[in-house]
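Have a look at the structure below, then the notes.
Order as written gives the chain letters A, B, C and D; numbering starts at 1 within each chain.
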Amino acid sequence: MAEEYLGGSGGVWPADKPQEECGIFGIYGAGLDVARITYYGLYALQHRGQESAGIAVGDGERIQLIKDMGLVSDVFNHEKLSSFQGHLAVGHVRYSTTGSSHPVNAQPLVFRYARGMIGLAHNGNIANITELRSHLASTGAVFQSSTDSEVIVNLIARYSQNGLADAIHKCMVDIKGGYAILLLTEKSLIGVRDPFGIRPLCLGRKGDAHILASESCALDTVGAELVRDVEPGEIIIIDENGVNSRKPVQAGRRAHCIFEYIYFARPDSRMDGFSVSKVRREMGRQLAREYPVEADLVIPVPDSGTTAARGFAEQSGIPFEEGLMKNRYIGRTFIQPTQSIRDLGVRLKLNPVRDVLNGKRVVVVDDSIVRGTTSGKIVNMLREFGAREVHFCLSSPPVKKSCYYGIDTSNEEELIAAHKSLAEIKDFIGADGLHYLSLEGLLGVFGESRDNFCTACFSGDYPVAIPKPYEAGKYVLE
Amino acid sequence: MAEEYLGGSGGVWPADKPQEECGIFGIYGAGLDVARITYYGLYALQHRGQESAGIAVGDGERIQLIKDMGLVSDVFNHEKLSSFQGHLAVGHVRYSTTGSSHPVNAQPLVFRYARGMIGLAHNGNIANITELRSHLASTGAVFQSSTDSEVIVNLIARYSQNGLADAIHKCMVDIKGGYAILLLTEKSLIGVRDPFGIRPLCLGRKGDAHILASESCALDTVGAELVRDVEPGEIIIIDENGVNSRKPVQAGRRAHCIFEYIYFARPDSRMDGFSVSKVRREMGRQLAREYPVEADLVIPVPDSGTTAARGFAEQSGIPFEEGLMKNRYIGRTFIQPTQSIRDLGVRLKLNPVRDVLNGKRVVVVDDSIVRGTTSGKIVNMLREFGAREVHFCLSSPPVKKSCYYGIDTSNEEELIAAHKSLAEIKDFIGADGLHYLSLEGLLGVFGESRDNFCTACFSGDYPVAIPKPYEAGKYVLE
Amino acid sequence: MAEEYLGGSGGVWPADKPQEECGIFGIYGAGLDVARITYYGLYALQHRGQESAGIAVGDGERIQLIKDMGLVSDVFNHEKLSSFQGHLAVGHVRYSTTGSSHPVNAQPLVFRYARGMIGLAHNGNIANITELRSHLASTGAVFQSSTDSEVIVNLIARYSQNGLADAIHKCMVDIKGGYAILLLTEKSLIGVRDPFGIRPLCLGRKGDAHILASESCALDTVGAELVRDVEPGEIIIIDENGVNSRKPVQAGRRAHCIFEYIYFARPDSRMDGFSVSKVRREMGRQLAREYPVEADLVIPVPDSGTTAARGFAEQSGIPFEEGLMKNRYIGRTFIQPTQSIRDLGVRLKLNPVRDVLNGKRVVVVDDSIVRGTTSGKIVNMLREFGAREVHFCLSSPPVKKSCYYGIDTSNEEELIAAHKSLAEIKDFIGADGLHYLSLEGLLGVFGESRDNFCTACFSGDYPVAIPKPYEAGKYVLE
Amino acid sequence: MAEEYLGGSGGVWPADKPQEECGIFGIYGAGLDVARITYYGLYALQHRGQESAGIAVGDGERIQLIKDMGLVSDVFNHEKLSSFQGHLAVGHVRYSTTGSSHPVNAQPLVFRYARGMIGLAHNGNIANITELRSHLASTGAVFQSSTDSEVIVNLIARYSQNGLADAIHKCMVDIKGGYAILLLTEKSLIGVRDPFGIRPLCLGRKGDAHILASESCALDTVGAELVRDVEPGEIIIIDENGVNSRKPVQAGRRAHCIFEYIYFARPDSRMDGFSVSKVRREMGRQLAREYPVEADLVIPVPDSGTTAARGFAEQSGIPFEEGLMKNRYIGRTFIQPTQSIRDLGVRLKLNPVRDVLNGKRVVVVDDSIVRGTTSGKIVNMLREFGAREVHFCLSSPPVKKSCYYGIDTSNEEELIAAHKSLAEIKDFIGADGLHYLSLEGLLGVFGESRDNFCTACFSGDYPVAIPKPYEAGKYVLE
């Protein structure tokens, strides 16, 4: 679970994790304080993005918008929330995949077009964005941001002669990638999920109100119940006529992002039929089966490795301990250590417990390694506090390929597993042992659904074709 | 001179003045700190708009943008200014004519379009904006703001196949109104003035650098010299080849906004051949000629009436006194008086000097009356502090018509002179005498150039046709 | 572990926990960036107080001070930290026991007195403060705050004729209570611990530099090592002559606050000879021994019950699960639910995991109950998410008495265990079972040191006499 | 009139003016919103100090306090003002004489002492502060700030056995200097003016409410009327029994600060019997009589020289012109020009009007010269914009001595007139002529009251003895 607010400049050290881009939440509920419910829904999705937050509210006539850089609780205060009036809303929290960190990239975006106003909150990445954008620009379109979202809205506007639903359909044919989108008109809330179901989206209900959200934990938080996941390729339109669904575009298979289960989603969410908590624990158990090490302790790298570490401990019978304490009080602007005290480094955030570690053979469980820099520091630090042996175990296979569907895994050249062998990585981080969960083992956790996931970052097997040469990096549009 | 910062909520009382919309400043200067010079240039133009401020800087490859709500000195700090790199820049301060007070309406706007990036800073109003916008939207254009400026950029993008200069030309054919526009590409700075020369724009020089600005006082402030005014209908393109001019669109006459001389422009500016200070003083002299009252004192409503009052005093021989002291310390958020102490009203800002006024017959000189509410309070207050007679003199004719070229004169129904006779206004404000400068007298100040001005707000003689019915009000696009 | 930043208004719901008041950190280190090290030290102690933070730095000649309301990382930025110059410092994070939440109560306090300047950072509570304060006032003393600390400084100033050490000694004779105090003069750092050792303080070393801190985790974080705990009644003076100790005042016994081990201290701290983590785990084991319930799961109330829950699970053999997910993204100003959605209540912060709980008999482990309101909500919520039975277990005995030595346990009338029987509490919170760790069981965890702790809040056995009638409540001085 | 808000760092250039230290305002008014009235009163006194602002309100039982760095309108918002409850209040705006710019020095100060609570707002300077402070410290007093005010409160507390009035009397005997003090207890408002009447204080009335303020313009602003000036040495006690006066301490003469009339006070104030506006105008007339120069124009340095310049013009018959335009939009943090564009210097704030100045012989009128640096820049700039001759005239005699009674005139070594002859100063600033108003001429303006003023900064004739050696400078206490 990605719990930290890394602050404006990325916090104490570069978070050596894949980065989720966004969380989205929408509600249609006459008589409810939809802005406030969206606020709490976004709060529950804050782990999906801490860079900016925004809410747009429709009242049947027009759309109001407030957004800014920062946490949900920093962007909104009582006065701002109370200024909203209306019965339908969408909200967005953003990390940032395409588009750099800049206010102009905060979402939702709200546009006026030929048919009125439209708001958009988007989670995901469009792989053929450069091509689409060039095409639009060649016919006179202008863009203020570098986000995929602005391209999507332009496409919808161009296709809108026969109504919004038709325009969305045409847009889905054009765009290739992983996405979950919420659209808000003055009178309707619309949810769209990509044909492969790469990015998550679910439908909930709170009394007579209908909700769409990235994860079911947001439904729990606002006292709503999970109705079902939005299906791959499905368009859900919620308005005064209730909930209507259509599925104009279909892919041959499902390809849910498997990293949602490994790292992104909150353990208390239920996603495409699986309890994240249970699946994550089972990954830890499988890890233990694959790596039968002799050791005294299993400790997690908190909080991302905690659930898997517990599974590992249960399966292996090796005692689970909290050997690393995490400081969670990173405020808005944590000051980086200067050169003279840079040795403090990772210790400011994770403090080893000497009484636990001293003289022990330790299995450390984390979810993944991206560049490998932090892992090496952790191994070092554990030894310094007395660990006799350090075995580093990951509840995911080696991340070797970039993701083009909405996760910021860094460029391939930065991925340690793209360039180093297992033995080299072990040496690089200084561990006595290193084990990655096998892809087989990972998929086995999902039983009969094992073929329904996107594993491209491990296997290079991309469900949606990637334009070549892909101009990688999130600044491609700038 | 419009000197107050009205603060977030409009200050102590509704400013009963026409509102200027914007000030613009641009510079092309290799080797100079163009962002900082633009900062000081905007600072000198702050009287033209206090709602938002922004600067965009080009470096030959791309355009950086920082803007926010507030004064120039509130929006920028050392760190932000220093983050800019480049050799050409445009800046903008905004009051707000079209488009409500909202961050999304702050300028400059920066867009990506088929030919790269383009920034725009705009002063003025497009009379046929609704029509142009509808047309653009019908072919798929989307709009994030309610500003004219976004429409202009869309037009330019649509017309850009044969290059930017051609696109600007075509755009000028389409748009009807009063405007001065600065465009910034990665490599060039372009200035455009409407064919009637309604809104002001001048060209300056600082060493090898070229500058475009709304008023010459901004040139003085940054140590540049005034080269000349940009001509009506002129396009000035400044790039590595120096300054190039073209005049593809011509109107049959000039129609400079006469309110710039009456109220908006700083007295130390020189505009279209006239010293604002001298012209404004002469208006006061003419006022005295037209209204030969017997009185003990001439006092201005500071600061807008100060220069004309001095002219009145000189001509009439009646002593000039400062009978109203103005408090200029309105910070960001001045708190309005509550009902219980609302009688304080205008007194918080203007304090009469009893020792000056007591027992005296007073001529008060102000520049104009819009709704008449504040004028009445001033007359009242002067009597309360001992004035025996109060004669209210205005250095402009009665404002009877709305402006469609960039000044917010309020809707016609709010203009007191549109609905009341001179005698009724005199009664309404409670003065013993009331005199407006005659239109003849006003124009006489300009001698042989008397036909080169737009006097539509007094006479209803609009130089550019107004679409009928004009959907008045600045929220027309929202 | 008290991990939340409750924000300005106390967060989502009244934190139903005893409240620790403060954390203190001091360093004497020539050539080091002592302000920055203090910043990181305070960051590691942030769990001890989130209301205000401050740092005072001495340079041999004078003392500089910066403090404000908020988290350490909110109060300080790079510019402020860099403005400090000197080689010795004290820092403080504050919750608030005596003295309401107000900037004037933030610490350190810095005073000028007859012998120069003196800064003070204080953790604890003086039981006879009212009496001392009255006495001082009767001889002309004035007070700007309502803190104990201002009284202490006045006492020291009055007694300072024979030097600071003598004055501290005399002050220690006068003041009755639990305290750890850091004093900073222009040239020396002084640590004082109360004669019973109620509040914690330890001595560390980082190269040639000496450090005093509330908990050893702060030493780890800044890369220092733990030398030893400061002894009860000890005064440690650190200056250019190194570390000097004296023990002028002695009590007949030790009485370390046992709640530090139950709840306050970070698990990775070592305090008066015990690993907090180990002790806390053992409390959970003992709890399981005392309450041999039949159940399917043990779940903690995160994060305060996590370590004890794990001990319970190990001892009982019942599987440990994370059945409640905690949202840690409370920013500066979290907006309270309005009446209409108040049912969300505790759910905004703790979300039950239905897949874990459904149909299960659950043992919930928390550290303590103060008023009982939150516990009831948690039980309710667990049932709503499917728990078949809920057994509430506390790793502390019932809190029946107020603390007068630095912990805000609320007034006795608010303590549920002061007024209700075990059976009544069980009914009140709606649990199927309820068990508090026995005082015997708690003390047994500490083996031979069992008599060295203050257990007054459970037993009413106060080591230091309490003035009668004690004017309870933290606003006593206002 | 000192109208600029110089911002945190002193604005664009060092303000080469004496600096007034503070403005004070107090009200006793049952049934009124005293906090809000105080807010507006302070707003009217903002020219007397822009560094910090504060309000303390009493309700019969206790005193509430809010204060911070910044303008009145920056420190207070609606929420803060509304949080006050009570019927008596004191407020303070501060520049800073004794005591550096630091939040701890903001006023009012509120203390608890033996008899309850007491708030203090103070304008002035105590010449023997060091001695008083040492004495207090030697008997155990401690000080948190470096202000005179804290010493005064300590004295009052020490003397309070026989009641507050007696304590104030004793305190007045001890303190030597110029001061106006407002004290607030839970139930009474007390005003004190020094025995020589150096610093101003007046009494006003608004319905049944009584007001004390530094200047009468604050009475006008809140709709109150001036009753009379508080007399030198007078103590005014306002409580439920109405207004009571006593005059326990008397000096042999009056010595009102003459700089209030020359520069500090607002022209619309009436002070100790004189209209500031009229007196200031008369100074200009006298200046013209003393310096019968042949010239084409008289221009003021706005705003401080405006009134005197007008007097000069009237007397001499030389036309008055606005030759320097002042930019008043300095926000909170105006960015200083960097080295590369430092030539802009004073021009950012004062812009010469070429059309006015070109080819003319100019008399420039300002109120005073302190260090002379800005005056030189102004002369330079006027020549650059075409002035043929520049005559610099000051409406005050040369400032040669430091003030010890509440004005920051800089140390004697920085005063240009203390070290240079008239001819040397003329050369230093580069003027064609230079004339200071003679002391005779200045005093003549006041007619028969000519001996009632302190002219120490010109003559060295100090009405109150100055301790020798006076430890000059405002940081003396730090």
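Here are some notes:
The criterion applied here is as follows: a contact is a pair of C-beta atoms (placed from the backbone, for glycine too) under 8 Å apart; a residue touches a chain by one contact, two chains touch by 3 or more.
Just so it is clear, the structure is predicted and the values come from calculations on it, not from any experiment.
Shared contact partners of subunit A and subunit C are absent; no chain touches both. The chain with its CA mean position farthest from that of subunit C is B.
Centre-to-centre separation of subunit A and subunit D, using mean CA positions: 59 Å. In this assembly, the C-alpha centroid of subunit B lies 36 Å from the C-alpha centroid of subunit D.
Remark: subunit C and subunit D have CA centroids separated by 48 Å (rounded to whole angstrom).
Shared interface positions of subunit D, defined as residues touching 2 or more other chains, are absent. Chain pairs recorded as touching, per the definition above, are A-B, A-C, B-D, C-D.
Interface residues of subunit D, counted against subunit B in their complex, comprise 3, 5, 7, 32-33, 36-37, 39-40, 43-44, 46-47, 50, 70-74, 76-78, 81, 217, 220-223, 266-268, 270, 275, 277-278, 306-307, 310, 314, 319-320, 322, 325, 327-335, 337-338, 340-341, 343-344, 347-348, 351-356. Within the complex formed with subunit A, the subunit B residues making contact are 62, 65, 104, 109-114, 118, 134, 137-144, 146, 153-154, 157-158, 160, 477-478.
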